[in-house]
Amino acid sequence: MTASGGRDSDTGRIETFSDGVFAIAITLLIIEIGVPHVAGTESLFDKLVQLWPSYLGYAISFLVIGTVWANHHNRFRLISRSDHILLFLNVVFLMCVAFIPFPTALLAEYIREEKYRITAVAVYSGTLAVTAVFFTALWLYAAADYRLLDRTVDPLLLRAMTRRYVFGMLLYILAFALAFLSPTASLALIVILALIFVLPEPEGSRGARRSRRRSVRG
Amino acid sequence: MTASGGRDSDTGRIETFSDGVFAIAITLLIIEIGVPHVAGTESLFDKLVQLWPSYLGYAISFLVIGTVWANHHNRFRLISRSDHILLFLNVVFLMCVAFIPFPTALLAEYIREEKYRITAVAVYSGTLAVTAVFFTALWLYAAADYRLLDRTVDPLLLRAMTRRYVFGMLLYILAFALAFLSPTASLALIVILALIFVLPEPEGSRGARRSRRRSVRG
Amino acid sequence: MTASGGRDSDTGRIETFSDGVFAIAITLLIIEIGVPHVAGTESLFDKLVQLWPSYLGYAISFLVIGTVWANHHNRFRLISRSDHILLFLNVVFLMCVAFIPFPTALLAEYIREEKYRITAVAVYSGTLAVTAVFFTALWLYAAADYRLLDRTVDPLLLRAMTRRYVFGMLLYILAFALAFLSPTASLALIVILALIFVLPEPEGSRGARRSRRRSVRG
Amino acid sequence: MTASGGRDSDTGRIETFSDGVFAIAITLLIIEIGVPHVAGTESLFDKLVQLWPSYLGYAISFLVIGTVWANHHNRFRLISRSDHILLFLNVVFLMCVAFIPFPTALLAEYIREEKYRITAVAVYSGTLAVTAVFFTALWLYAAADYRLLDRTVDPLLLRAMTRRYVFGMLLYILAFALAFLSPTASLALIVILALIFVLPEPEGSRGARRSRRRSVRG
């Protein structure tokens, strides 16, 4: 097995396909921002400034999908086998990720109007919460009793990662609940979560990679 | 030949290109769902609920394309050579897959109106049936007399796979015919087929991979 | 150098990027076909039948881009080095390929109306002709004096390929000229060209691959 | 470690994901050009000619993104490790790249109307300037004290590259400033910059590759 084994292993095809979906979903976000129409003496600059919810939605969703991609990748470094249930959970998870452009456009359209704001933010944070639930389910399924994991992963590390993922999921669910009390607080929590989770778990990935290299050399 | 040979083999470039088309077609599905326009005292939540046919179409087509991707990938693990006819059949097959977002949008638009429902479901299931026909034609062409197959594939396994694919194709054609009697039954059959076929044939892939590893090591 | 060298060689990154652009351009074609709006007692089926120019445009462009992709790939199997000019010619060539969805939509919109038909078909065939010109320029630049080619390529094969590419380019230019006399004949020629060129030049690719394998083993 | 190591190294996954975003953003540009509507005795040809700002915007942005892609790729050939900050800077940089289709459409829509021209060109060149700033920040972060670089990179080469990137960034900022004086000069500078930077720094990439091969063989 060479260092390039990851691409051709049991899980390599899932990773490549998932990476494609992530890259496309993240790039499609821009399509939802339409060029404003200016008439008469209106200022194009003012019209562009008024589009701020679109830019905000674009930036948050880009950050969120970028984060989810990084975490998906790290996770699959530890998963060394696949089975039907993993494949199915991953397709449902990708269905959630590819759905994100829709609530993003909804958020951009309605965040300024007070009577629609809660609905828009709740649908947005709700989509992210459901995504997090399936992401965690995927991990719990693969990690339980090392079902699909690389056997060389340190059990302590494993427990730390599971704690991290479950905790992250609970915070996304909290963001959904917060939407009904304070849409602003909900969005703030989502941004903070993305900024925290963009960091690939340091010990996790390093530990996993070390063990992998060992198995390559040994 | 290293473990990464699959990517550079005769069929590797077809697989990579096809995977790209799958990933893009599946992610483009979300574009067809437009943000609803709310006016006056309308409820955004109600408007979003009314979009249920769009969510349903999105979910079914995502599942179907995900399934087709998984099966395409498994099949090409056994196909070790390519020729012009295979290349052509694959392009026509991809033309069908990339077409799926259109009947999905049609389904979402017209499934609620009784007088258009049969047409919408028939076009949708018809597209899937034609896709299945070309997929089966591709396999039959490659598999006949091991024309383009890995010679180490077990003949019993081969016969089981061919049976499976032909049977699947017949069920997709049945779904098309059902559309004219009961659009609901037609869609239900499509969902069931996707759920069954998302499972990569267990013995098939394992057997093929085993023989492949052998040839790598030997 | 392993069998996977192609992906990491000087030209590997150009190929991977180009493949991405091909896969996306070919899949974006479907976006141009909008769901028809039906009102009153109109038949959805009739409305769908009236969209035939869209299906035709989709099918022709899919075939053309699929063909161009296959030829691009074959050509880059023989090109073993890159330089700035090749990079630039390839970007301009991809600019033409990614442009194809626009004249395709134009063709679908105006092919039925006689007074616009010539313009629509001329723009469509003209785009393909310009694409072919840059494609041929790219090849001539790389192939002249084996500037960027694999040195093991047979000179006879090389001359045959150049003849083939120049001839193909001239036929695409002929299709453009034909648009002004008979739009139908122009489109027919384009379909025939795609069907001929979908076939990767048999001796060409086999010869190249043989020499490549030799250099891998040797 | 085989020659395919680059794909699986610490930075390989960032490169693959970034390449996907580049390829999709560049191909999505065509979506912004809508088919013109002709009525009565209008000439379709005239209508198509009037779309020249769209073609211009398409061509410039295609060239710019193609250039940025080539430079990103070259840079990552020298970056051999990644960390959280690099990952984050790269996501923000990609956020800028994927945003480019929006100011491109804005440019196409408003470049003909004098009162909107400065705003449209300023937003366009401003987006490119911000992209260049993050691109340079990413490089400076990775290159400072060889933080994430391949240790075998020649210090003289390194200094030359840094100079080149900082200088390029300053010119993009100049293009933004120029937009307020002469939109035409601003666009001209952008085209010139793209044509210069499409050339991968010759010594840079060759030197890096040589050292890399050495480490592979040694």
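For reference, chains read A, B, C and D in written order, and residue numbers begin at 1 within each chain.
The definition used in the following text is that a contact is a pair of C-beta atoms (placed from the backbone, for glycine too) under 8 Å apart; a residue touches a chain by one contact, two chains touch by 3 or more.
Remember, it's a predicted structure, so these values are computed and weren't measured experimentally.
Asks: Validating interface symmetry: for the copies chain B and chain C, is the fraction of residue numbers used by both over half? Same or different.
Replies: Looking at both copies, the contact residues mostly diverge.
Asks: Return the chain whose centre of C-alpha atoms lies at maximal distance from the corresponding centre of chain C.
Replies: Result for the farthest chain: A.
Asks: On a C-alpha centroid basis, what's the spacing between chain A and chain C, in Å?
Replies: Their C-alpha centroids are separated by 36 Å.
Asks: Between chain A and chain D, what is the separation of their C-alpha centroids in Å?
Replies: Averaging C-alpha atoms per chain gives centres 25 Å apart.
Asks: Give me the residues of chain A that touch two or more other chains.
Replies: Residues 2, 4, 7, 20, 24, 28, 31 of chain A touch two or more partner chains.
Asks: Considering only the defined contacts, which chain A positions touch chain B in the complex?
Replies: Spelled out, the residues of chain A in touch with chain B are 1-2, 4-5, 7-9, 13, 16-17, 20-21, 24-25, 28, 31-32, 84, 87-88, 91, 94-95, 98-99, 101-102, 105-106, 109-110, 116, 119-120, 123.
Asks: Along chain C, where are the residues that touch chain B in the complex?
Replies: Where chain C meets chain B, its residues are 2-7, 19-20, 22-24, 26-31, 33, 35, 38, 43-45, 48, 58-59, 62-63, 66, 69-70, 73, 198-200, 202.
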